[in-house]
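Shared between the two complexes below is chain A, which has chain B as its partner in the first and chain C in the second.
And now, the complex of A and B:
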């Protein structure tokens, strides 16, 4: 049976959400500037670096005026916002390059890592969730569920370090970090693929408990429902019942919620990219924070907020599609 | 659903772990006359043994002792942060629920805006600008963790407002303030307390992540996150124990606290069906 997609309603919801995102993003950018204003952080000293320690007060004042940081908070915020809309996000002091270039160069690697990790989590989570949900309370279910709760409590950076120790040092089968081999100066598919395995696995496994527990719950509940009982009564095979009935109704709500997992994914990426020296934007965020690189940090915070809002929208759109009762009113 | 025996077993083992952890972090530092900073290079990086159950680190310090001190600091930061976040969340949630109208809408929009920024990122941002240290870390954990408490308390207050005892108080002439403080607040405290307990492991996790990234506590106040961070160089040389044990000490109390809080939650909401809801 084919259903026509409600493009109109979906487009209207997207439009409404885009409008609602504007005040949120404005508030976040302003808060970023307000926090910086209230903090002991001094952009002039950050800009001047060690030279700032010996420079005269006159020079510092001159620099302050040149950088435009002696003006009021609102003016600076507005100026940053207007130039950000034209694509100019200022210069990163730690990377010594325009912020837009840094993001443009690194965003792709982060997306590659995040998508691979999500696929790992969905594939493993579905497989284990179905197996455990089929016989809840069984040995497999109890083992995997306890492992999932333990994994949920384990910090991703710790998992990453142990993975490096085991796979890179003990077995020596996978590289410990980076994007390419140290000796290499070109980026080849083969090298990237080998360097991607460990970070993607660790990030995926750190997201796994949630997927697993949802599929397990969904499949287990669906197996108790009338359609499944009806299918069994009609004499359908176990495999058909499981994949055609239980999995379908158990999985759909889970898949639609993937979009709302963006915050956890970003949190995981911040830690995993740092542990594996993956050249993505999450690792750049940590670098920007440790060296108090305000322009880069501000841009990345706003970018992450936009990603979360986009993820929420995606999740609501999919949910409306999967369950027509929900609709697109939000 | 788990049968009552496994249920009881889980409850008692959780209580036991929490008890041991509390005793260790409260009693070991004042009673045991050992210096956790004592450097002994002749004993550096010894693997786990009877003399040093967790092994020693790259400066020959006993890791069991360092882990107990680290857990003590992590637990303290987690407790304070959870307490601050709960107070803020309860105040905001109660105000939104009790006052309603514009206050409610504004406060809840604020909660939504705060939850659109990933928590660890917001924490990193705050700590980076205010320079790493105990108070910025506590503040950054608190600032990201009050949201869920505010939501829980608000919805509790909204449902309580329609109950007869509130109507009785209002018709008895009680002021808004009095209704909020004498009738609504005591009724939401169990839920807020549960949220606070569940928040402690989360706050500890948050603190260790910040410390691991070099944006947390200074190294002379080594928390579990700091211990993992400093163990990184030993790990790359092949010595696993300085990394393994601090992480385990983060996982085990987390599971135990969650086990205890789960039992408490079952008492508060006996009809809760899903095992996922916290």
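And now, the complex of A and C:
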């Protein structure tokens, strides 16, 4: 039964993708610098905060020179790029700290949130999808499907606010935001677990419809296909038919979905982290963008782009493995 | 009667029990809520977050920074008192030299002793142009600072600057830590160490700052052992979390603070302020730059109605940056709401009503735009009230919302609804707002106000330490501002706070516009004492 994995082909595909990623990343970072430069936000004002409102012009000009934001766009981008390649990501002006520190401190919390949400979406989506796909047109299918279409249209931040209003304010059962209780200054497992519930659920539920609809379709179609009918005719149990035959072929489209949902997950996290004051990198991205914090913004964009490219690679690899006809040609 | 009393008590007990259970479910680890014992921890909700915690970059410049101390500090009455200095400075050389003797035996929270080196390091670093400190201008008068031995520091000024001592509430950073790192980005900017009553235990940006008491504080260990400041930008969320027991105190706008009036366990604190709202009347606009128009607007505006309707009574009419209850306020410069008087001024100056009721002079229509910061409800309300008052006098003002990016390039000719105010010396606000050579310098003198008499009085006021001469100078400024009001001052706004009545000691200071960490009834949290159990259930 066990089949040898095509390591060589997979490695070649990964290599090709890595090469293609270089120009993409370069273009993306330059675009970030250009867009930030064109935005009406002033990095010096953002840096000075309220003190900037009483500062003298000389003081502000000096700040501009210190921050290096008075130099031409291309120079700044090139300097950022060359020092980033040597491992120095620069200093974040809004966080007043090295960019590497900011990311190091926050990445873990974002990954925790995103992975939990992704697992919630996949697990719930698959389960509901299989149940609905089994009896298309049934009560469960109709309820969940219409809910899924509604959710597809609902923005994540709106779901977040709704969840805060209901669970935190009306019922008072779950905390409204943050990583720990306001009064607590140590990060403990049970506190984080309780504070994770709402944001992870909201983010997961906002991703759920796609998984649900794909699985429902896949399983439903597979149940009508010859192999399943054959299996049924051979007298196999319903459970075996479902998990062994229908689910296996029904899950195939979902593998592509895993990869292609990564960008959506990142934008979703951006909103959810902001709504729930979750101290992750997505919340930092919002701050970096509105304060025109070039080094932080560029590093975070590279990170997001890399995550998207990796997601695509992963889903293509998985697809190639699951369906040898597709292969690893990229 | 008895039956009703019993029923009431039963209901109250039941409600209390429910509240306790609710608190227990939502927040098992915290002491917030209805717990009976003395509370040695406090959680407060604030709306602003500091950009940095490094005194070198501007944190704690107005004193009261919890983590740090200044050489001097403001007391409850806003009088200066010694902190890291052992007494008030010795002023010599005609106000050009300030000598401070330092307190003995003070240590930083890491155990290292505090010496004159730290003071010199702090001030020299702030003056260094390479330091990204946006408030450096406040120390403009300072020429040099040097240490004499371990316990004496001498400041020399470029010119006699009367309020200089008030600038030395500036927080002092430890040289042995901060000097070894990049001043702008080093770890000290987010993990500070100071001599102050509290030690920072965590700063989750955008969420909260947590402090624990500095048990070896030179002025005695604070009885409130744990202090948390939650950063909650949204007023409604802050009010809800205060009601839910998650917070012990919060700053609230008047309408939300009113919701806690009947809550016997909480107390509302009203802090009077220097926080003004004003309309800039640009000198370089042919309508707003006209003295008759300025004087008419000054009379046509109904300040009391703004206080009553917009601020719901929590504020005072303003006639200049100096509030009416300040000892520096020039008696008799109040302006009554006088629409007829305003119309008379305009008539006499040749501004005649046109067919649409808007006045015209030499073909110029009495109209100009007024910008306010978009999203700022308070400024919007003030702007709209101003527009409607002006209309009654025949002046057509168009209120427009915009961000500072939109407003700033237009400030030379367009009116802006501005806010500001720093308590203490009358020099602070008036110099920056009215000095003609600061016109268009960043956000200083936004109206490009230009009045030679005012310029002379402002210089005279800051260059002498003689109280009578200073009073005369600032009286002149305020009377000139009445004759040629280049700004229409509208209101001084009170800041309202609601706090659990669980401690002895909260009080309020006179607060500035920018009410960050230093303001609020918790300005002196280090001297709060928990009330005895039971005392809270009155």
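We adopt the following convention: the second predicted complex is superposed on the first by the 287 of 330 C-alpha atoms of A that agree within 3 Å, B and C clash if a C-alpha of one lies under 4 Å from a C-alpha of the other, contacts with A are read in each partner's own complex, and residues count from 1 in each chain.
Please note the rule applied: a contact is a pair of C-beta atoms (placed from the backbone, for glycine too) under 8 Å apart; a residue touches a chain by one contact, two chains touch by 3 or more.
Quick caveat: nothing in here was measured; it's all calculated off a predicted structure.
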Can A:40 be said to touch chain B (first), chain C (second), both, or neither? both
On the A-aligned overlay, A:176 touches which partner chain: chain B = first, chain C = second, or both, or neither? both
Now for A:279: first (chain B), second (chain C), both, or neither, which partner does it touch? second
Touching A:98, do we find chain B (first), chain C (second), both, or neither? second
With the two complexes superposed on chain A, say which partner A:158 touches: chain B (first), chain C (second), both, or neither. first
Identify the partner contact of A:271: answer first if only chain B is touched, second if only chain C is, both if each is, neither if none is. first
Applying the document's definition of touch, where does A:24 land relative to chain B and chain C: first, second, both, or neither? first
Identify the partner contact of A:63: answer first if only chain B is touched, second if only chain C is, both if each is, neither if none is. second
Chain A residues contacting chain B in one complex and chain C in the other 40-41, 169, 176
Taking the complex as given, what residues does chain B use to touch chain A? 1-2, 112-113, 115-122, 124-131, 201, 205, 208-209, 212-215, 225, 228, 231-232, 235-236, 238, 240, 243-244, 246-247, 250-251, 254-255, 258, 274-276
Partner chain B, residues of chain A touching it in the complex: 24, 27-28, 32, 35-36, 39-41, 137, 149-150, 153-155, 157-158, 161-162, 164-165, 169-170, 176, 213-214, 217, 262-264, 266-267, 270-271, 274, 285-286, 288-290, 292, 294, 297, 300-301, 304-305, 308-309, 312
Going by the contact rule set out above, which residues of chain C touch chain A in the complex? 22, 25-27, 29-32, 41, 43, 48, 50-52, 54, 57-58, 61, 129-130, 132, 134-138, 140, 182, 184-185, 187, 189-190, 201-202, 204-208, 210, 212, 226, 228, 230, 237, 240-241, 244, 246-247, 403-406, 420, 422, 432, 438, 440-444, 514, 516
For chain A, which residues are in contact with chain C within the complex? 40-42, 45, 47-60, 62-63, 66-67, 91-92, 94-98, 101, 169, 172-173, 175-179, 181-185, 191, 277, 279, 283, 287
